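What follows are several structures.
Below are two complexes that have subunit A in common, paired first with subunit B and then with subunit C.
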Partner chain A sequence: MASLLQHPGYEKERLQRVAEQLPCREVQAGMLLSLMGQPHQYSYPSIFVYGHRASGKSHVINVLLKELQLPHATVSCVECVSVASLFERVLLSFFGCDAAALLPRSPSLSDFVRVYRQQRSQSSAKETRYVILEKAELLRDADANLLPALLRLQELVEDNVTVLLLSEIAWDTFRPNTGCFEPLLLHFPDYSKGELQQILALDRHPSYSAEFYSSYINILLGVFYSVCRDLRELRHLAALNFSKFCEPLAEGKVKESDTHKLWRNIEPHLKKAMQTVYLREVSSLQWEKMQQAETEAGALRGLSAHTHVELPYYSKFLLIAAYLASYNPARTDKRFFLKHHGKIRKANFLKKNEKTSNHLLGPKPFPLDRLLAIFYSVVDSRVAPSASIFSQISSLVTLQLLTQVSHDDQLDAPKYKCAVSMDFICAISRTVNFDIVKYLYDFL
Partner chain B sequence: MSTSSVSKGCFVFKPSAPKKKKNSSLGLEDYFIPGCEGAENSHVRFRLFDDLWMKITTDTEAVQDELNRQILDSLLDFTRKCSSTRQHSNWASQMRASEIPTAALMLGVNVPDHDMTFQSLSDLLQQSVTPHVASVQAKECGALKHLMKRVLERLMGAAVTVEDEDDVEEAEQNSTPLHKSVHCSLSTLCDWYITKTKKSNTSTPGKKRGSPIKDEQQQPPVVIIFKDLEAFNPRVLQDFILICSRYIEHLPLLLIFGIATSPSTIQHMLPHSVSSLLCIELFQSLSCTQHLATVIDKLILTPEFPFKLNGKVMQVLISIFLYHDFSVRNFIKGVQLALQEHFHSQPLSVLCCQKKEALLNVTQLSHGDLERIRQLPSFRRFVEKQESEERMTLLKNDAHLKQVCQQLIKDLHKYHKNYYPVLRCLHTLTSSLPRYPLGKQIRELHLTCLEKNVWETEDYQSAMKLLKMLAKDELITLLQRCAEIVGTVKSKRMKRALVQLEDLLTKLKQLDTAFTETATGADDILTSPVKDLQKKTDLFQLQKALLEMNESRRSKKLSPFELLRNEALELIDSLVTAHLSPPEAQTLYEVCYYSSSANVRRHLNATPRTSIQAALSSPFYYLQNESLKAEDGTVSNAAPDICIAYKLHLECGRLINLYDWLEAYATVVSAAEGVDPDSDNFGTVDEVKHARFIRAVSELEFLGFIKSTKQKTDHVARLTWGGC
Partner chain C sequence: MSKRKVKDSHLPVGECITQLQTILRERLCHQQLPTQLEGVEAQHKHLLELLKRTAVQGESNSVLIVGPRGSGKTMLLKCVLRDLLEEQEAQKNVLQVHLNGLLQTDDRIALKEITRQLHLENVVGDKVFGSFAENLAFLLEALKKGDRSNSRPVLFVLDEFDLFAHHKNQTLLYNLFDVSQSAQAPIAVVGLSCRLDVLELLEKRVKSRFSHRQIHLLSNLSFTQYLERIRTQLSLPDDFPDARFAQEWNNSVESLCEDKLVEEVLQRHFNSSKDFRSMHRLLMLCLSHVSVVNPAIKPADLVEASRMCLSDAKANTLHGLSILELCLIIAMKHLNDVYEGEPFNLQMVHNEFKKFLQRKSNSMYNFDRPVIMKAFEHLQQLELIRAVDGSAAKTQREYQLMRLMLDHSQIVEALQKYPQCPTDVKQWAMSAFG
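Showing the complex of A and B:
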């Protein structure tokens, strides 16, 4: 396999070290290496590397550049709150902090190019310089000219520089409509089951044999491979459950080689982990605690188990009113909230588009007036329209139980949507003895 | 002003700094005294108020600290554990090291109270775990760079520049030349942290290496507190966490989320790819109702504070809490308001203080104050009960009145001293009864006791009936708890009650040993009908049999336990009737009780809309001008323009024709000017009237009653409904 990583420009031992660190990615690394060429040669101006999460994109590139000691600048686009910090980092890692200080406040792209060229003339590149942009998909949100310019940076600054773009999504979604220089595309495919097994087996526990750990990984993959192929998640799960796997061994019940018994012991446990840990219902710390104290495992509840919210009395009714306003058509208010509405049958009542359930369509926006009108007819006592009623509406908005739809002036009839689920509102209305189902048009 | 300049020109003179003396002389007291009823003793009253308020604030803070202790302690444990596991070279924890430890702190929806919790949390963290604590609020972090800036500012204690046009000025003002090139990124923070920890390591070389405490201190975690998670922009939060996870190897970060609703918001806000970077642990704080119960217990249900709230004011404060905000802080603010109003408006509140001081203050009462005492309804009632001779002296002789007042004040204090323990006893007895006839919380019982004679209510009777069915061991535990409560009080009557209670308890306990034989005898009688019962399957017959059994048991001679139980309940009943009478029955209760519930309601639960409507529909209410007086529902034509326009607009439908409105307005105003209705000029629109009308309309628009509409050009739309 190591034969794939051969290049006349680099020393053999280094390439050997690189190959050791990149299991199952030899093909991609070799491809990159041949694209990069010898250090002093010009490389292709921009290379676009894509593949799913945890398919080894950054790892391969970082290991290559570090081990071969090539000049490079790694920037994650999430961190670049402005283009300035991107430019600055690039200059900083190529030319030192003096160069970065030359950038004016809120620099433009041409400032960057100017400073770069100025510096380049002082210390021109003997080896290809690499700019690595992780999470490149965020570049699309930046200025329209940034991405096309980065793609042909080599041409702009007249230097031996190559831009590597790393992303989880394909190039097609990047292409600006004004057209641009097409980068070379390099795909990192997902790891296969065998490859995952091979990689996961690498971080074995120091006090157990490699075969033992490998058999553990095998069992783990058997359970989780169908739902999760993310290497990072799998590694996390492997670390969490290993102590449980070793338990019978420590108690002296089973030998290391008795895989079947070990499997029988761990399997239900892994199933449970799939429901809780994988969904992050329970944090890893809690999971470890749970394993230590097996008996009270049921007592620990996940994040989504706590849905109960205590609210002040009128806030509850405001929320109920908001829910009714969101899910009932406005025409039907008369029927629900007027005392002598007469009998209106649902069949006559239905319009064509309303035949589908409102609950399937989601909440609809409603004006403040309607909310208050429903509120006053729903709440059983007389309520003064005091300031605190109105402030409760806005605090419901900050709690994200309501959302404000129109961003207009507050004075000009603001509109809201109710953002809580049916279960939640049923629980709330039960606490105030209000039968909400009777007031919902969908359940008439 | 003169300058040293030779040339002519404009010079700017900045005003010299205002002299501080002027400001400092205007203390709180200077705001208190003007407008005070009975100005002569206002200084004393202000001092009393101030002392009392200081005591209340320190007490409530202590209560709050006590309540938060548990959750804060567990949180501190969590942070310590996180920072210590990070340094372990254990295989499992190494594998897990890439997660950011996160504490989700569930605080409930009473957002105003959270500030205090967070304050004490960050203080505690800084004291005992780490110096690096930053707390951020959603409203100051609209975008990622702002969040970054705030975090860095607060951690590094220095200004940080942000590459942004809007912030240039601000940044330039703040930044010192030293930090000119500091950029808003976590890598800066990371560098700063490394140098900081290195520095502290080299500066303390004397300590021995290898001790675990030392290790912990080498790498104190960096704590970032998000005070209100729900209000954060999810996008910003996600990006921030993604960035944090890139640095977690070098920077021991720890996040704390303050959550008001439920922990599932985390899942709503963060996608799996982000939440998988966190290791979340949940911490549940005490619910706000429990919090309120403790505060009421410590603040209101105690004879320690001489100031009291009457039933209605209590009701207002509690209903604001339960119906509107759930905020304990606002409740305490309400108590403060009542306290202030009481000392401000009631001249006799000089007597509202500890017993000794009150007795002293009685001797210093002026003639005017004594007259005020004579005016008090409770005192009048007291006088009417006296002999005619005594009545005359009370009304005429000031010295005698002072003596009587001292006695009355003593009685009032005694009443309070006995009231609370008896209230607590009654609550312990009744709070575990089925269906809670006297309320689940002690505050409900307190409210009933404040309003009427509790022993005359139906609920009390039913509670007593239920108590008569208690089993022996239940009764014993309840009575023991009562004895404990009564035992803490030092007063003659309570001591006597304690002796009686303990006597009863010993008798009850002796029953076991002394009367076992009789008990078995009683069992025999009971078992035979029970056996019969098992044969019967018909519901009607069963009912009949049960009734018969009941009858026979009632007619039967009471067992010794039942006798003792009745005795105990009689004792409780006598205590209740003696001590739980409402405060209105006490003479001079006005001194200690604040009773203006309307005032409190007006201040705390403002109704801006109704006041605007009142101002517009009956301007007399605010302007107090005789000419504006009018009958119900009408507006005098001399009222301000806006009132007339408002009144007229009420008569219209959803859309109002501006020209018709103007005509109507002109007619009303002409009548006000006294123009003869038959003349030609009547109701014509001249320029002045036109201008006044336009102004009134735009004022109404500003207040939000109407708005312009695109449906019809010469119309405006009404934004309110209803009218005449």
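Showing the complex of A and C:
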């Protein structure tokens, strides 16, 4: 394990400590260390590290730099709303707050390089300095000269400094139009299933044995591995569900080695977690409370359950009419909604193929008149066109069940689109005893 | 005398390796100037004469050095400046101002930088100038020495010259070239640019004041010259403290360059790009493996370094996707094949995926809609799919049109390398085409 991390410029104990903190990432750490070289030597001006999220990029680099006590400045580009904060952070980490105070009000890159050069002539680098930029994909949206200048920072300030860019996204989209100084590309591969198991097993609870926890992790990965490989998410899920897993053990019903019974207990629970906690429909606090409240299977309301508001009677029919108007082509209205529609030529009518099914393409906009026409034919009692009907349409727009497509200025012929899903509208129509599928063109 | 020399020239291996790394890293990472530039002697001579005329005889000149990225423009200029300053008179008189298009994004900032580099901040003080031209004239006037009637020659170096051409009215360029044409003060303007069409960017009045002198650095290296260059880059100089180690190292470099496998790898790199920078990147990766345990560069190291340089980033990303996300990508590929590259949305992709599930009739991948939506959004965050421009923000998320940013061959290659890919997924991917 430690043999991969050997380097003449650094002490053995420190490297040992680094290796202990980086399970399954020795190869990448070794690669980085060999690129960094000894502290007084130059390293390549810019290195681009990419890999999936939670694949250990920031972790490895931070551990390496902290344990080996190398001068570094870590900046997350999400926090840098303006470039000034980036420049200040770098100068602060390398030269102290006096240097950072030398920057003018809204500093340009020219000011930054000038101040850096001044400071460098006073205290030049005996060891390589590292600037680490996390979430580097946001640099593409900053000024056009920032990214090329950062890639060449070593040349511009004439100092022993290396810039490390960490990102999830491949380098090809970063390249500016006229080219730039290409960095060294370093890939952090994703963890394999075995490695994930190894790392997750490190979180084990001290009062249970290691094999017990490993079997738990096995079951967890069996449910979640095909959906998600993000280490952070898996650790979160493992921590949340472990108490439920240990429940039968605590109650004395099963022994540690009864894996089948334990699996039967936890598996439906994990499936439920996938629909709720994994999707952030419920917060982890709610999840834990629900676990303690034992068997209340149906009472867990996720965030999207809150969209199923109780609507008044006519609003429901307005919504149904809007759905029909969005998903049926206008020429088919006659067939569905008139009592005596006469003969419709079949050939013309039934010309649809799967691609143009409206349910795949999305809802179409419709004018207000069409909505009202369908509404009057769909609702079973006689309704007078009063202001209350129109105000219900506006409240549907506010609830974001309808979207207004036309411009705000157009008052006489507004256009709308229906923004609800098939399941939602089926649930609504069931409550008013309306068979909506019969009226949908795509399901003829 | 000779006995003492033999005793001094033997260092322990660790020390030798450290020295070796320091020297080679200076060369590869820090762009240390070589004593002799190869292949550009004519350009070197031309530029040196030009600058000498300005420095010594007070003649104004302007020249552009043009060449693709990494072809050695800055290196050439630095070598010329080093050779120029070896002459006593030039060293005494000439002043240098280095401007960079990336840093000085505005003419105002550029003027401040010029003032600063000429050390004339105190002279300028709080003066307010009417125009750029006045300011520049004042600066050049201030450089006149006591008894001489001419001011000192100033050498203006403009890096990333094409970015200066994007400034408003191209004021800086106009004024610099104007001064170089009129007899005000002896200046030399040297611009470096990676764009071959940089002259087209200049306005007519600026272009007419430019001397139209261009030095091109378009390398026409042959493969043997490329190999030779690699060998010189890796060789240790003669003044290395341990002569025996240096000799061994240089021999190993020679045998490396003659190896068949290495030649193939280098041929591949040569075919894609001949410039210095990609060569340095490759050599840097090889150098990082050199240590006490591994005191020479072996052919396997070079092959490994080449593989790292040429690996496909998107294929690496595909390797780390979950199975659900991979299935979504395959569904998108099928949609692209059937509908010839027209954009798709999540509904269509889900529909295609459901067709696969119906055929297979196993419920392993029967996930809920929101879980599939989350996987789809993850793919969007990785920029493997991108929204089509013009999709209004008013469309619901599942109906927003997207395009797949991957190629057919990348997906097929990724599937081969995917760890523990289920066979039915592979079969689904291979069906219906090819």
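By our rule, the second predicted complex is superposed on the first by the 306 of 444 C-alpha atoms of A that agree within 3 Å, B and C clash if a C-alpha of one lies under 4 Å from a C-alpha of the other, contacts with A are read in each partner's own complex, and residues count from 1 in each chain.
Simple rule for what comes next: contacts are C-beta pairs under 8 Å (C-beta built on N, C-alpha and C of every residue); 3 or more make two chains touch, one makes a residue touch a chain.
Bear in mind the structure is a predicted one, so any value in this text is a computation, not a measurement.
By the touch criterion defined above, A:202 reaches neither subunit B nor subunit C.
In the superposition on chain A, A:42 makes contact with subunit C only, while subunit B stays out of contact range. In the superposed model, A:330 lies in contact with neither subunit B nor subunit C. By the touch criterion stated above, A:105 is placed in contact with subunit B alone, subunit C being left untouched. Once the two complexes are laid over each other on the shared chain, residue contacts for A:283 go to subunit B alone; subunit C is not touched. In the superposition on chain A, A:437 contacts neither subunit B nor subunit C.
Within subunit A, the residues touched by subunit B in the first complex and by subunit C in the second are 279, 304.
Chain contact summary for the complex, subunit C toward subunit A: residues 14, 17-18, 21-22, 25-26, 28-31, 68-69, 74, 100-106, 109, 113, 116, 162-163, 194-195, 277-278, 281, 284-285, 288-289, 291-293, 308-309, 311, 313-314, 316-317, 319-324, 339, 345, 347-348, 351, 364-365, 367-368, 370-371, 374-375, 381-383, 394-396, 398-399, 419-420. Those residues of subunit B whose C-beta lies close enough to touch subunit A in the complex are 91-92, 95-96, 99, 101-102, 104, 106, 108-109, 111, 143-145, 148, 162-165, 168, 181, 183-187, 228, 230-231, 239, 242-243, 246, 260-268, 272-273, 275-276, 278-282, 284, 287-289, 320-326, 605-610, 704, 707, 719, 721. For subunit A in complex with subunit C, the touching residues are 6-9, 31, 34-35, 37-38, 40-45, 50-52, 55, 108-110, 113-114, 143, 145, 148-149, 152, 154-156, 168-173, 178-182, 184-185, 187, 189-190, 192-193, 225-229, 274-275, 278-279, 281, 304, 355, 359-363, 403, 405, 417, 419.
By the touch criterion given at the top, residues 53, 76, 78-79, 81-82, 84-85, 88, 97, 100-101, 105-106, 203, 205-207, 232-233, 235-236, 238-240, 242-243, 279-280, 283-286, 288, 303-304, 306-315, 369, 384-389, 392, 395, 398-401, 411-413 of subunit A touch subunit B in their complex.
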